[in-house]
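Below: the structure, in structure tokens.
Per-chain numbering from 1; labels A, B, C, D, E and F assigned in written order.
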Amino acid sequence: MDPVVAFFILGILARAIRSDLRMPEALYETLTIYLLLAIGLKGGMALAADWQTKLLWQALAVMAFGAALAAVAYPLLQRLVRLGAADAASVAAHYGSVSVVTFAVGLNALRSQGVEPEPELTLFLALMEVPGILVGVLLAKRISGPDSGAPLGHSSWSGALVEALRGKSVVLLLGGLAIGALFGKQALAPIAPMFEHLFKGALALFLLELGLIVAGKWPDIKNAGWRLAAFGVAFPVAAAMAGIGLGNAFGLSAAGAALLGTLGASASYIAAPAAMRVAVPQANPALGIAAALGITFAFNVAVGIPLYWRIATALGG
Amino acid sequence: MTLNTYPKRQLTIIAEAVLESRLIEHTRHYGAHGYTTSEVRGGGEHGVKEGAWDVDRMIEFKVVADEAVIEALASHVLEQYAANFALSMFLSDVQVLRPQKF
Amino acid sequence: MTLNTYPKRQLTIIAEAVLESRLIEHTRHYGAHGYTTSEVRGGGEHGVKEGAWDVDRMIEFKVVADEAVIEALASHVLEQYAANFALSMFLSDVQVLRPQKF
Amino acid sequence: MTLNTYPKRQLTIIAEAVLESRLIEHTRHYGAHGYTTSEVRGGGEHGVKEGAWDVDRMIEFKVVADEAVIEALASHVLEQYAANFALSMFLSDVQVLRPQKF
Amino acid sequence: MDPVVAFFILGILARAIRSDLRMPEALYETLTIYLLLAIGLKGGMALAADWQTKLLWQALAVMAFGAALAAVAYPLLQRLVRLGAADAASVAAHYGSVSVVTFAVGLNALRSQGVEPEPELTLFLALMEVPGILVGVLLAKRISGPDSGAPLGHSSWSGALVEALRGKSVVLLLGGLAIGALFGKQALAPIAPMFEHLFKGALALFLLELGLIVAGKWPDIKNAGWRLAAFGVAFPVAAAMAGIGLGNAFGLSAAGAALLGTLGASASYIAAPAAMRVAVPQANPALGIAAALGITFAFNVAVGIPLYWRIATALGG
Amino acid sequence: MDPVVAFFILGILARAIRSDLRMPEALYETLTIYLLLAIGLKGGMALAADWQTKLLWQALAVMAFGAALAAVAYPLLQRLVRLGAADAASVAAHYGSVSVVTFAVGLNALRSQGVEPEPELTLFLALMEVPGILVGVLLAKRISGPDSGAPLGHSSWSGALVEALRGKSVVLLLGGLAIGALFGKQALAPIAPMFEHLFKGALALFLLELGLIVAGKWPDIKNAGWRLAAFGVAFPVAAAMAGIGLGNAFGLSAAGAALLGTLGASASYIAAPAAMRVAVPQANPALGIAAALGITFAFNVAVGIPLYWRIATALGG
């Protein structure tokens, strides 16, 4: 097991025994900005070296993949998990989108095994932030109907889309990618002690915090019911397999395919909840977070990531 | 020498932080000249909001204006958000020294 | 069209942060439906509380409910904590739009 | 058993944070026994104050005392700072349980 | 003098000239979490290597030592310092417990002289957090009497005990110890740049903050009176000698014995004040902090720690 | 272009597309404390090595230089930029004082070219914080007149002076200088991973935040008018040339002279606004920040610093 996962478990245990351990919000926001920049910079530096035009097609394919995940999740959530239209649209957006921390844990696990995924994976991370949310918002638009004067103003769906595009994750990831690519490894060496050497330590602190939050959401997770819990495990595994297949189609290494699978399997618990709260006010926000963070994130970090690596090595060349 | 004071109404809205920008829009739309926001935590019908998670963050939003403005704003916010968001509102009397400012 | 508003009472307690969980318990016990907390600093009989040190942290704790609930809660808190803790309390009138909610 | 409560006045000043130490001085000078400060953001005549920059930080400063003290303090603050600083003030009625404390 | 002590003095001077230098609370809380985890991890990694069953006995002895310190301090505070029962119980709990930062400064001073104390000292740090507070709470219970309906609800003393056990220091120290022991130095190498290399810099920032707080408490320190000040210097020295004796009995090295002495001499100014504020509301909280932080912490950091090392080397093998 | 400047531009772009990226205030305050200490320590360590008495004269000359900059700026602002007396005094104080971040970016740019400026430059940074503000306050005193009962109490100008001297920048810079000089490089090696290796990464994060703030101030910059914008570019260049001349007079290397020029060209956007808000309440605070941060800081970071280096090398030996 990777040490960072132990910090996640420590966070869960601390909250389980109702310890008064709280991490300041400013620390959480700082770690988020740090992780996004560190991942972006690292990807950009590598990307500068081997940018190929075929990446453009892959970029579009990956965005379609994110949108498809949300589109497929929506009917499953309605029929199998028996969620109402609003809740189904909201949760679908969570699963169409991605989680940066899951990506970081997956990337870290691969590196501990001495393999490095292709740099374009960081680009794919940034590109998969929004499409799933966009589909969720479009579905929400259909539910509330055009003339029903969606409570948050007529252009609520375009507002949510624009809001997602302006989200700090997309801005920092693409910004980091650009700076990394423009300056390259050598010129950015002086900021490596901050943005590379401290990466795993920051990830460990981040997972301690997420463990506290997950354990704090336990009541919501229980109320979400076993159907949503089952979906929170089964859907990510299926999505991972689809992602690995897509990775192989791109000609990625086993490490690259595994990480694309992990991206598909990851669900957003920051960008999607904020966007859907605005686009689908009727949806119960606790459902999406309970599933995406309480069930899927914990599953991916503890079981999924090693599993997707084994599937990728089996399927891959 | 008693100070001349002028009656106004204060609207206090405790709501999910995600609504702040919309509340500011409505406040301007109904003609109030200003607003004041502070970060709070609390508990009510929609459960405990510790603000530990972005979507759980709550704000206390205060507007001081004439009765008509405050009542219009309050009923609009009630009708628009009360059904779907954690939100509580209460009105109270205040007195100001510079009536034209509010 | 004047808005229908219903009279309620608001209790504002400014106290040491260490008392928050107990104040929440008493609030529930006396039947209020919610509470709102914000972090503050200040000064009074017990000296200046800048909140720079954990034990110096102060909170402002607000509850809106019917007069009976508010008066019971206020006198309990007064009797239980006023002697040993930095604490000040004041009551005020508010009006709400959804009386059953408070 | 209704609680004995005693009428007092509350002054709420929303002003630039740089004025806090002076407001505390004036509060003591005019004989109030305490004050409570919280960090806020907002908008008014002097534009939006998000508090992102040190000089933009705003505070909400509350004092509860007898009418005479509150009115003297309010008019002094109005005369001294209103012209040059982002500042709004409003007064309201409160009731306390321990009159000698305020 | 150790450089970190210079940051403590800078903090005192800054506040003495009433500079507007304030450190954000989130920075203070982050540094606390960081220090607790770093100490726990470091101790756990070393402990994994040479865990012996005799440590179980030593663990019990050390907890008894903490409880004894509080039990001895209580009558001294009443008779010599002439404190009331409530104040004496509260201050006794501060001195029966320990200060993580004093431990960190002591550990750091030993390392600067090229000696490394036994890893079980970190375990002793975690174990000595609570016993002293427990004794203080029991004393408080006796004062307010069982039927007097202690203001904070009937089970206030058990509440305070449970609250101390759930305190973040114990949780993070024991959590760090477990992770360090389970994964070992090699697997935790990637998080060393965060949790080891930055340790002394973080300690320096922490001491700058403590200097500001100590100077800010100066009015309380003056009001505490010369008797409490004398206690705040004499008691720690005596406690240190007892700790060194216990260390020798455990067969610890001079470094280990010195650090156990430092532990005995340290007084808690975070966990104990919070716990006693609840258990003994009648006690004046300013007294405990003025003594533990204003007098004892400053004395230990400036004079005590070097002194206890010299005593340990003189007494030790 | 230096990578840190790219983070500044990323901040501006993020706010320009109205991204919701906000950096927590606690992060900003922590980075400020970090930068001040890191610069002070670094300067102190080098200064200890080659302190000469001639530095005393240079120190006085540099303080006079700061005061002169404000004194010269005041009439220029009134006649050329057509500002009222109060606004002119306030903005003059911004330009008489200095910006720590501009100094850090200049220092960093020189090091990227493999040159190291003389350590006394850090002393000059600390010394130039206050004189310009003092002149601004004196000018303000003259405007509001002695008997007019300056709104903020009779001794408002001395209050503002004392407030500036107690400002955290002066305290942390001089404190860092003292600790660096007293302990020297070898004893402070253990805190180098924090205060040296992370310097450039922290500077990058800081510039990301300043980019956000600068773009946020855009409305104020537009309202300030073209005259103030022109002043915000011309005056710093002239001040830089004066600074380089002074540097040559001191016999400094090209690097030293360039950094002294950069100091002259830099304008304060934290200490000066706070001091002048109290000393000259009638002045519009937005003007000073729009000019010092919106125009001059951006100009210095993007164009000025490389320009002053070229001028210094051309003029220098």
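Simple rule for what comes next: a contact is a pair of C-beta atoms (placed from the backbone, for glycine too) under 8 Å apart; a residue touches a chain by one contact, two chains touch by 3 or more.
What you see is a predicted model, and the numbers here were worked out from it, not measured in a lab.
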Any chains in contact with both chain C and chain F? D, E
Which chains, if any, touch chain C and chain D both? B
Select the chain at the greatest separation from chain B, using centres from the mean of Cα atoms. E
When the centre of a chain is set as the mean of its C-alpha atoms, what distance in Å lies between chain A and chain C? 40
Cα-centroid distance, chain A relative to chain D, in whole angstrom: 46
Residues of chain F touching 2+ other chains? 22, 24-26, 193, 198
Check each residue of chain C and list the ones that touch at least two other chains. 38, 92-93
Between which chains does touch occur? A-B, A-E, A-F, B-C, B-D, C-D, C-E, D-F, E-F
Okay, in this complex, where on chain E does chain C touch? 22, 25, 151-153, 212-213, 216, 270, 273-274, 277-278, 281-282, 285, 289
Touching chain A in the complex, chain F uses residues 3-4, 6-7, 10, 13-14, 17-27, 112, 193, 197-198, 200-202, 204-205, 208
Chain E touches which residues of chain C in the complex? 16, 18, 22, 50-55, 80-81, 83-85
Inside the complex, what are the residues of chain D that reach chain B? 12, 14, 38-45, 58, 60, 71, 74-75, 78, 82, 88-93
Spell out the part of chain B that touches chain D in their complex, as residue ranges. 2-3, 5, 8, 10, 24, 33-38, 64, 92-98, 101-102
